[in-house]
């Protein structure tokens, strides 16, 4: 899970310059529009937004744009919907912190979608921008995903409240889809951490500390991506923008509670990983103790015995013991007693 | 002690969808109702709430529901008492953080009950939801427990102030029963921690660090469950809802003090466990020191002696000492002096 | 130094139930009363408070009660002075956090007295409760102590401002006596910590880490006992209760400064002890290094020499060196050179 | 990367004393002036500022001064533009914290430019001071750099909004150039940290911990240089100075977001480096484990074998085994079995 | 550097009791007075303050008192200038935290002067108290120092603004002299820390960890002495006392910035020392690794060789190799090959 930071290539350009997001540079963005009211819902894939028709529509319009490469499209959106050039620049700068800006005619919300990438077997952070205008919502993603599909389905079928509500409810539904998905990612992380936990307790290896480190970085990165969302939602709850009706606020408060829960889970992960590192370090020490005990016991038993054997291997002419008939058996007995003595000593030291 | 997190299975559903809590899915909820005023108290087990009669009753009604599986019951409660669908969803989502919501007609309070489960020999966290309406209190538990029994007894007997007070006092009494129970759990934890402390100081083993880690996670989990209750109570103390009379506020302030005390105890546990890990690590090092000293002393004494023995075990033809009558005894003397010298050296190093 | 926590035995009782403090259960409380104005001061030991005479007295009354066992006395105090039952319960619950409550007719202050118990050679925490009524002060201690004796002496002699001031000044004087005593306890702690410091630097032993741990717990416990007093005093300084005259506020501000100084000292102790643990751990490692060096030097010198001796102890028939006249002296020379070489090597490594 | 602290040489001088920055003492400052409005732009290098002409100019004036050595120039600027002597002293004191001061006639902003010095192959911190007067901006650098060149180019060409805006936009553009450059420096740091990370995981050496320590100090130093800028920008956003038009505020808000992003990156670096130290320490322990295992295995196998060999090297006259024909082959077999036994033992211990 | 804490001897005395500072008890205080306006300046050493003449003087009076032993002098100052007895007590209690008190007729400021004591080769903390009355400043030091000499010189010569300003500027100048001196002390600390840093990196010894610990305590102590000054200055900047003219506030703001800079430097020192301890600990481990490698290599090479030698030192009658002509040279060759093998093995393990 690597964060994309390409900000440095903008150095020296005037503010508000629109630079396409590199990886997507060659792809045409995919634009889809939902136009609905309580009784009807039209869904179309389009190549260009028809600004006057959207602005004058009596229905709610939700325009979703996948792909951030076509800077000219963004310039047209800017003039079509009267969006500040800094906002457009922010939508195209994919290392934004989640934030909410209250402009005169629109609300701008940035947040992070977390997905599991089966290709790299890793988490992937994607930036999602939302623009809430009167009766119109624009959503921008880096690439096409399926997190918003259940919402699309609800719009098509007209189940639930979605079609009965106004544009702010679409913003809520999009954010809710993203936050709900956080819980899935938390489950994935939980499984990985439990696996590391088992490894640390059962059979820690040299690579385990690196795994813990990488997981800590990953948790820290998710925390950086999600933490500011809490403040974004608190700002929405406090804001007095008329674009968000007081009727919708309980839903955003619910979202706020969910976000706090996710953050709390990440903090639990962080503390748990710190604890696992402590266990890992203590288990490395314990393993060394184990190794040292074996060495010490072998040495303690055999070095004195070897000395005794060496003693009677000396070639002095006058060593009375050597000529005694019982010399050898007595020495063997002494050696056996020494071994017993050392074994008792180790027993008392609890090394055995 | 595992936290139940099942939130991820809700991904993609519209907000306010009621999903039964899985483990309880097949059980019928147990509903009991207390209807009382200062002079009378009726207690019944019922299968369905008679909404009009409750709403029009001149007495105080406390309805306790054990079991969160019957979603249709919750739908009827929602329409019968005019409860927001998000509140109903929260009651059924058992990984809520403790919180308090001030709705137009009712207060919604979530908190965590901590119980000792004799089966798993572990702490168990259960979610309790309280709804305070005018003259009516609804309480929701995951399963039937006995923490509220003393309150039931007081209601039946009419002792204490309980029957003289209004519905907010029932809410206070329920929360007080839960918080009082926290102190019991703190005592259990204290005993377990003292046991670990003894183990660390007397005879630390490899598994001790894992025990400390598990206890730290347990304390952290309790802290997450109880910490937000402090804020809940502060909100109640500040709130100007007319559902809570100023007359009852001193009781909630008392509850606030108790909760702070519990949190402080948990923080003491946390710090103590961190300290125990430090001691554990230092004792592992000390044990290794002990092992190394034995190895070093044995080696230091016997390796030079063995060398001397080896020296006179050589087969050179011309080694004058070997033929000397006093060769052997003199060598033995030299060896004895060496041993004395090393013993003095170890003494001076304080290794003995 | 053990904190007394007996809260759990109250579980299930209605709030406001008065339970005597166990250890004191059988003793009769000792009640003394000072009745004074600028010109006169009467001091009596009594067995029962004469409520009407105290309430109607034109003088200042300070009633000190040692012993928290006689619950009926507390019930009479409750009705005699119109004290809320929760306040009485708090006075009898000796694990309160320091706090200040502003009731209609009185201020209730709880704080902790720290004493040195010569019997257990340990610090002892005792709870002191103060009730400030109009012209009357009640103080409650667990057992009779001598911290308030200088104040009594000043009242008797009429020196200083005490007799010229009103009841709030008695409250200040009592708190001042307790805070002044904190400084004595800080001196005791300082001495103990300096002793540990010396031990860590001069001659750390296995038990030293346990001593550091115990001292850390002790400092943490004092911090928990004293820290909230800061907030209590800040509340008094901000409060607009007419029971505390603005004229007395500078004295409480002085007390606030003293309390901050004590807390700062405790934090200094805490940081110092954390540092001592670091030194301890590094000294354990250094000691092991020391041991390892001895082992390594002995082994490094003698193992090669032993090998050489062993080599010429072999029984091959054709080993020309063995028969050479100079074989033995040359080998001895080689061995001596090896020893010199290794000693130089150790010198260069700074192991010697 | 060393911070320049020369403040101590000012001790004893009256406040407001202007002392030249030492390193630059002998160089003449380089003064350049841009005078522009939407249609024209004049650029000149000058040796002395013509104060009346600047003050009365109808155009925007940006005066850039490289070099802080000519104290008399600063005195003339002080009287020419009516700048407080303490402000002038601050401009010349190059270890200022970033700050913003709202004076009556001007805003004074100090911030830090971070550059890569190819000479020392290290980061270099330079202080930049900005003075925003009505229609005039003064910028002060320690030495000539190229960070502002793109802005100069935009002024010359008249592209972008710069020439259309007023003096506050120049201040924004200068700060934006500096903050944009932070992102470049973050990239450099990121590369260095990744290199250390690789080293720690692949092949940690003794010097690695020193490298981590130095990098941590460097990150801490950058954090000290950049962190206060956040507060500076927050102050600008809150300030009601009429020198900054509300029209320009979105640009400063954008800058604020960028600064927060840089700070967040630095905090990520800090946490990552702390984690790397943990891995380093655990890898040192693991390496020692590795060494000890080799020692223990060699010793465990050969010390008992040597004992056996020594045993049959003894010179007792009566050792029946020695004369047995199969004595030697049987012993060799026993030794081989011992080796197999130990190898299996090591296998079970997972040392092999 | 030891903090003087003698507070405990005051226990039991009434508040406001004046106790002389012990060390100075026998010395007569040295009182000097500067009386000046823009055109004149008189400087005198006096033994008693002439209160009426000072109070009625049309000029500014600065009275400096060195020595805190003469309690009667303080009583006379108390009545002469109408100073609260608690303020006098604070001046004489030399372990005050820096603070500022806004009394009706005067401001009371306490702060800490840090000096280098050549005698003990250590830093020394001294308490300075300032009283700002209308047109009069009193300053109190424990002993005579030279930090204020440049200010005296400026007053005598009439250079700078000092003689043109009013009494609040004297207070600023005194505080400025003290804070300027902090920068000198920071330089001293910096040098000592750099020395420790070098020692840790080049050649860590057992005593190094104690040195780091002592330096950390020293830095912590300075932090405690200086940190509250920040709050003091913030209070002055916010205060609306008419004793400090708005004209002087920029100077105090400058002082505030300097204090923040000093605190930041101390925090940098603290972090750096924490990092040094980490390096120290890792270097101790590395050294042990080094020792272990030598031991392991020597043992690994020679223990198997010794075994081979022992094998052929056995006295079995039937050992065919012993009688073979090439037995000895072949064995020597085998041994040489073993040595080569082990050296290659160590090379691959990077132990050589």
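Chains here go by letter, A, B, C, D and E, matching the order in which they are written, and residues are numbered from 1 within each.
Here, a residue touches a chain if its C-beta (ideal position, glycine included) is under 8 Å from a C-beta of that chain, and two chains touch if they have at least 3 such contacts.
Bear in mind that the values here come from a model prediction, so they are computed numbers and not experimental data.
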{"item": "Equivalent interface positions on chain A and chain B, same or different at half", "value": "different"}
{"item": "Angle of rotation relating chain C to chain D [CA atoms, steps of 5 degrees]", "value": "145"}
{"item": "Whole-Å gap separating chain B and chain C, where each centre is the average of the chain's CA atoms", "value": "26"}
{"item": "Chain centre separation in whole Å, for chain C relative to chain A (CA means)", "value": "43"}
{"item": "Per-residue overlap in chain B, given as positions that touch at least 2 other chains", "value": "281, 285, 288, 292, 295, 299, 303, 306, 310, 313-315, 319"}
{"item": "Cyclic chain order when read starting with chain A and heading to chain D", "value": "A, D, E, C, B"}
{"item": "Interfacial residue positions of chain D with respect to chain A in the complex", "value": "149-150, 154, 159-162, 172-173, 176-177, 180-181, 183-184, 186-187, 190, 201, 250-251, 253-254, 257-258, 260-261, 264-265, 268, 271-272, 275-276, 278-279, 281-283, 285-286, 288-289, 292-293, 295-296, 299-300, 303-304, 306-307, 310-311, 313-319, 349-351"}
{"item": "For the chain D and chain E complex, residues of the former touching the latter", "value": "5, 7-8, 10-16, 84, 86, 89-90, 95-97, 99, 101, 203, 206, 209-210, 213, 216-217, 220-221, 224, 277, 280-281, 284-285, 287-288, 290-292, 294-295, 298-299, 302-303, 305-306, 309-310, 312-315, 319, 321-323, 325, 327-328, 331"}
